[in-house]
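I've put the structures underneath this note.
Across the two complexes that follow, chain A remains constant while its partner is chain B and subsequently chain C.
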Partner chain A sequence: MIAASLAVIVIFTLAPIVASVLLSLVSWDAISPPTFVGLGNYERLLQDQAVIRSFWVTIKLAAMIVAAQVVIGLGLALLVQRFRSTFLRGLFRTAFFLPLLVSAASISIVFTYLFNDKFGVVNYYLGLVGMSGVSWLGSEAGATATIVMVAVWQQLGFVFILFVAALSSIPRDVLEAVAMDGAGPIRTFFAVKLPLISPTVFFAAVIGLINALQLFDQPWVMTKGGPGDATTTTVILIYQAAFQNLQFGYGSAISVVLFVLLMILTWLQFVAGRKWVFYA
Partner chain B sequence: MTSTVLSSRAKTPSGLRARVAARIAGRILAVVALVASAVLVALPIVWAISTSLRTPATSYDQPPAWLPTDPVWTNYSAVFTAVPLLTFFINSVVVTGLIVVLQLITSTMSGYAFAMVRFRGRNAIFAMVLATLMVPAQTTIIPVYIIISRLGLVDSRASLVLPVIGGAFGTFLMRQYFLQMPRELGEAARVDGAGPFRVFRQIYAPLAMAPMATLAVLNFSAYWNEFFRPLIFLQDSSNFTLPLGLVTLQGNFGTGSVSIVLAGIVLALLPSIVVFAFTQKYLVEGVAVGSFR
Partner chain C sequence: MDSSARFSPSRRAVLSGALGLGATAALSSCSASSGSDSKALTVAYFGDPKSAASLSKVADPFRKANPGVTVRFVGTTGTDWNEFFTKLLAQIAAGNPPDIVSVATEGVQLFASKKLAEPLDEYVKRDKSELQSYFSDVHPSLVEAMMYEGSLYELPTDFNCGNMYFNSKLLKQARVDYPAADWTMDDFHGIAKKISTAAPDVVAFNWVVRLWGSWTSFMYANGGNLLTEGKYSGGDWLWDTFYANDPAAKGRGGGFQWGAPTANSDAVVESLEYMLQLKREALAPQPDAGGGGTLQGLFTNNKIGMSIGGGFWAGGLHNAGMGMNDFDVQLFPKWKTQRHLFGTGGFGMLRSSKNKELAWELMKSMSSVEGINVLTAGNVTTPARRSMMTADRYASTGPKHWQVFYDTLTKLPDTAPIPAPPYYNQMATALVSRTTQALSSGNVRSALDGLQGDLEGAANAVT
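Up next, the complex of A and B:
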């Protein structure tokens, strides 16, 4: 049983990493035999505007998602901290947690309807305040904003729970001492709370980045990567290269670059995460 | 200096009263902000439910009706004829169910082995398992697809199950739990004549129900909602799972029959809500640990 489980891990996770690297050195359309091209795929991707653009799009989306998530999540956690009532805390925790249960694909469909240019609910209300006809999914800025909103909507509960736990772990006597000294809430936050929970903030940010750099479901369902290539993330590009254009070698080369980027972030998270994860 | 000035001011009665008033005002503001955020978070779901209960013709009426007055249930039957929703549902149940159960078995056993059984190369092998924990599925999808196609499993439900029955995350989670358990329990049972497998099955496994529940719930939530792998591995709609089926349905309808698509989305969400209602504790705890993978 253990051997079987290990075999599956080896076959479907470890071997594919090695295979990815090997595949990235060949040119292969899955039909005719692969031809060895050395680092040719990598040379090509360095000059491929579509690849460079997809990394830029992905990093831009990821940075916005993570920044919004951390700021809003931390703000809400600070607000909830003001209440001792476990009922109230539980209620808000449930409310912010529920989106995590919805499939990203399903909620992206819902947001596609809500942000529809002509009939959407969002543009109806914006029209009432004089901003009519915002092209949400039809413009680069609009599509970017909508994807960020879906992702933040869905992930907020996760950072919220992390931050509530971190804030609760600050010893009460520290906060009492600070209050005795007369520090206001803003100063308490920046001088005491934020430094104390900084490992969690860092942890949440890196986890968020790792997830956001693999963004696929939301842009695929809402925009198919468009308009143009405005929301074509790296994973969408890998999907298109390998499974639509049958360039398995080239797709693998892009995967390897993304993989290296994610591994660097994972290593960072592991170093910082150690502080937090083995806490509880 | 500043702090002594501040604290002496705080001690005067009027200053104290001002601070209490400020605190109460702050709390009211906090409640308002929290309730507003919670409502904002709930709105897309509320809209989806209300609109799924309106006729397709009125689903884009403006202003939008937020409450389902005069609910129409026809969309919920229409969605079953628009697409083979029942088939999607069964596929999702079978795929998710198999992954959850198989991962529970493999993870519990291998986690136990890594924690309790001494064997050659244990630490090296565990380090290897741990390393795979960090590998994002999206970056290895091309070789995994090639293996799946070599096995002749493309466009089958097995293609979704087979690659993930050995869970690195589950193994890690269970190992951490078994490490905390006293070894004496098993030793006592062994003295009484129980074999090694019986010690695992009758002594330790029943004690590990909590992390098993966490693992089951996290896996349910991850695989029930999965879209990427089904999109790549499946071709025929008779094999589709719910998220893929619903996106296909939306693609076919465009902005036509919104309320029918939303009925499907609400139906797909129901099992998650039920699971959540019964296992909230494990899920919320699990999120902190699960962030690891």
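Up next, the complex of A and C:
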């Protein structure tokens, strides 16, 4: 059983990682035989402004997405937890979780229509309150905000469910004791609830960051990485390099660097987590 | 350390190695297979896989003539040719190449330069008497667009020039008459303003960021191009054989040779600046990038007054519910020139095919009048054979001035294919990125300087 599990891990996880590293050392268009170039792809990568810019764009988007997901997800979980009706709780849990079940590409197409500058519903309603003509997908700030909104909206259900479960697991007697001591809702949240659910907050932040750093569907469908390269994430660049330009070696080199960056950021999260995550 | 001690703990390693070798062998066998079984042909086309059954009818005459040969059509979707090629190249790289591929102008040089496509020269020379009627029916511009370094790679079956479509209802509402064939950019701008004034909730003109029929149409009319134009030598064998007495074939060569980038030349900058001006004057909105589905939908719903389209829009608009008098088409307006751009489609044979003779027979069959009739059914594209351009063909779909489609080739001899060098994919990606940058930042010159750099980098990478 263990051997079978190991075999699956080796074939489907380890082997692709090793293959990516090996591919990053060659120049290969998938049609002609590969040529060994050593660290040539990495040298090129360090001088490629498009790649460097894509890392910055990705980190910027990921930071906004993770922060918004955690804050909004936690806020909604706190609100829903206040409902006494089981029906209402179930209704909201389902409503927030549903977008997670729909493909990101489909959602992105729908949101592209909603945020269309001229004919979109969003601008229509903004126009009714005197805020017409917002260039949602045609400006750098607008496109960034729209993609963050769509990504957060879709992924929120996962974080929300985590927080609902975590808040439900807080012992009732602890909360009652705090209430008897006269603590208000804000004090209760920061002094009791947040420390007790901090492992969940940490988990949501780590998983959210890993997902957000691999953002592809929303910017690809909604803006093709534009305007300019304002929403060109690193994974878009990997896709373009490998599958559009047939530079599989270069694409692999970028993916290896992204993999390393992901590991470093996750490690940093763990280091920082030691100071604020409370494992009871 | 004895041998048993060495081998005993390595059982897992052996197992893993065996699994690895097994997987490698399986992958290798996949790679070795070309997907071209004997007496079977696979045709990959750009389109909805669901339309394979109807499209497959194009091979019926071939099937009758070659009983026992299986022909399978495999559709691949995508927002544009760039995406189709991406998927197709991945399929080929995975060791599963088809025998025949539908490749438009966008990919001819890409496939030829990578030695994926088979030159058709010897096949054409051998069957010249059989092909005489075909070439006499197809404009030399289309044929030349399918050539690379002196060799022919495809028999064009269809084409689309970047003409101007009008929404008849909005034109009438603005009290604008159908423009004359020699209308100018000033006329265009004036009509756009009238449409906008008459119906403030619509956009006078809309477009899509892409290579074909985008701001590139304005660029061609303004005498600019993204790349220096040249012609490969060679091709005389074809012109002398099939077009000896056709004045339109004069000066043709062995295909378009796309040279040094000129993306930041004055004519190109001026063209994109004009698009920015249209946006600033609210005569055109921020355009979408990629396919033209949304554009067509908005046009159908009377939200767009004018847009660039080819013959394929006739069928598209009709299928979307527009009546034949609800829209019309005219030549693109004259700026410094009235040069149009076009793209042409056809089928190429892959070098890896194990059934090249059969593939060639099928390609010839698909280029016949009957074959092209199937491929262009419903006017979803424009037949490459001029004899097929009849009033009957457009009687049910429109537009009224359907003659414009072929007239673009015959009456405007400087009409040329879109610039599609071997690095087309990189070029298309850079074009989208830099165009949206220009429209977003308002700094056209800077964005096109960037495009120039992108194209120079891409060109250097392939040379």
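As a working rule, the second predicted complex is superposed on the first by the 248 of 280 C-alpha atoms of A that agree within 3 Å, B and C clash if a C-alpha of one lies under 4 Å from a C-alpha of the other, contacts with A are read in each partner's own complex, and residues count from 1 in each chain.
Please note the rule applied: a residue touches a chain if its C-beta (ideal position, glycine included) is under 8 Å from a C-beta of that chain, and two chains touch if they have at least 3 such contacts.
Just so you know, these numbers come straight off a predicted model, no measurement behind them.
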item: Fit or clash between chain C and chain B when superposed on chain A; value: clash
item: Comparing the two partners chain B and chain C, which touches a greater set of residues in chain A; value: B
item: Contacts of A:A67 with chain B and chain C, given as first, second, both or neither; value: neither
item: Touched partner set for A:L137, first chain B, second chain C, both or neither; value: second
item: Partner chain(s) touched by A:F119 [first = chain B, second = chain C, both, neither]; value: both
item: Touching partner for A:A7 - first (chain B), second (chain C), both, neither; value: both
item: Contacts of A:I17 with chain B and chain C, given as first, second, both or neither; value: first
item: Partner chain in contact with A:A165 - chain B first, chain C second, else both or neither; value: first
item: Partner chain(s) touched by A:I31 [first = chain B, second = chain C, both, neither]; value: second
item: Chain B versus chain C as contact partner of A:Q244, first or second or both or neither; value: second
item: Contacts of A:D229 with chain B and chain C, given as first, second, both or neither; value: second
item: On chain A, the residue positions that both chain B and chain C contact, one per complex; value: 6-7, 11, 15, 30, 112-113, 116, 119, 243
item: Sites on chain A touched by chain C in the complex; value: 3, 6-7, 10-11, 15, 29-31, 112-113, 116-119, 135, 137-140, 223-230, 232, 240, 243-246
item: Contact set on chain A toward chain B in their complex; value: 1-2, 4-9, 11-17, 19-20, 23, 30, 72, 76, 79-80, 82-83, 92-107, 109-114, 116, 119, 121, 124, 153, 156-158, 161-162, 165, 180-183, 185, 203, 207, 210, 214, 216-217, 220-221, 235, 238-239, 242-243, 248, 251-252, 255-256, 258-259, 262-263, 266, 270, 273, 277, 280
item: Residue numbers on chain C that touch chain A, as the complex places them; value: 12, 15-16, 19-20, 23, 82, 86, 89-90, 92-93, 114-116, 203, 285-286, 288-290, 294, 298, 303, 423, 425-426, 429, 432-434, 436-437, 439-441, 447, 458
item: Chain A-touching residues of chain B, taken from the complex the two chains share; value: 2-3, 5-7, 9-10, 26-27, 30, 33-34, 37-38, 41-42, 44-45, 47-48, 51, 60, 62-64, 105-107, 109-110, 113, 125, 128-129, 131-132, 134-136, 138-147, 162-168, 171, 221, 224-228, 231-232, 242-244, 246-247, 250, 255, 258, 261-262, 265, 268-269, 272-273, 275-276, 280, 283-284, 287-289, 291-292
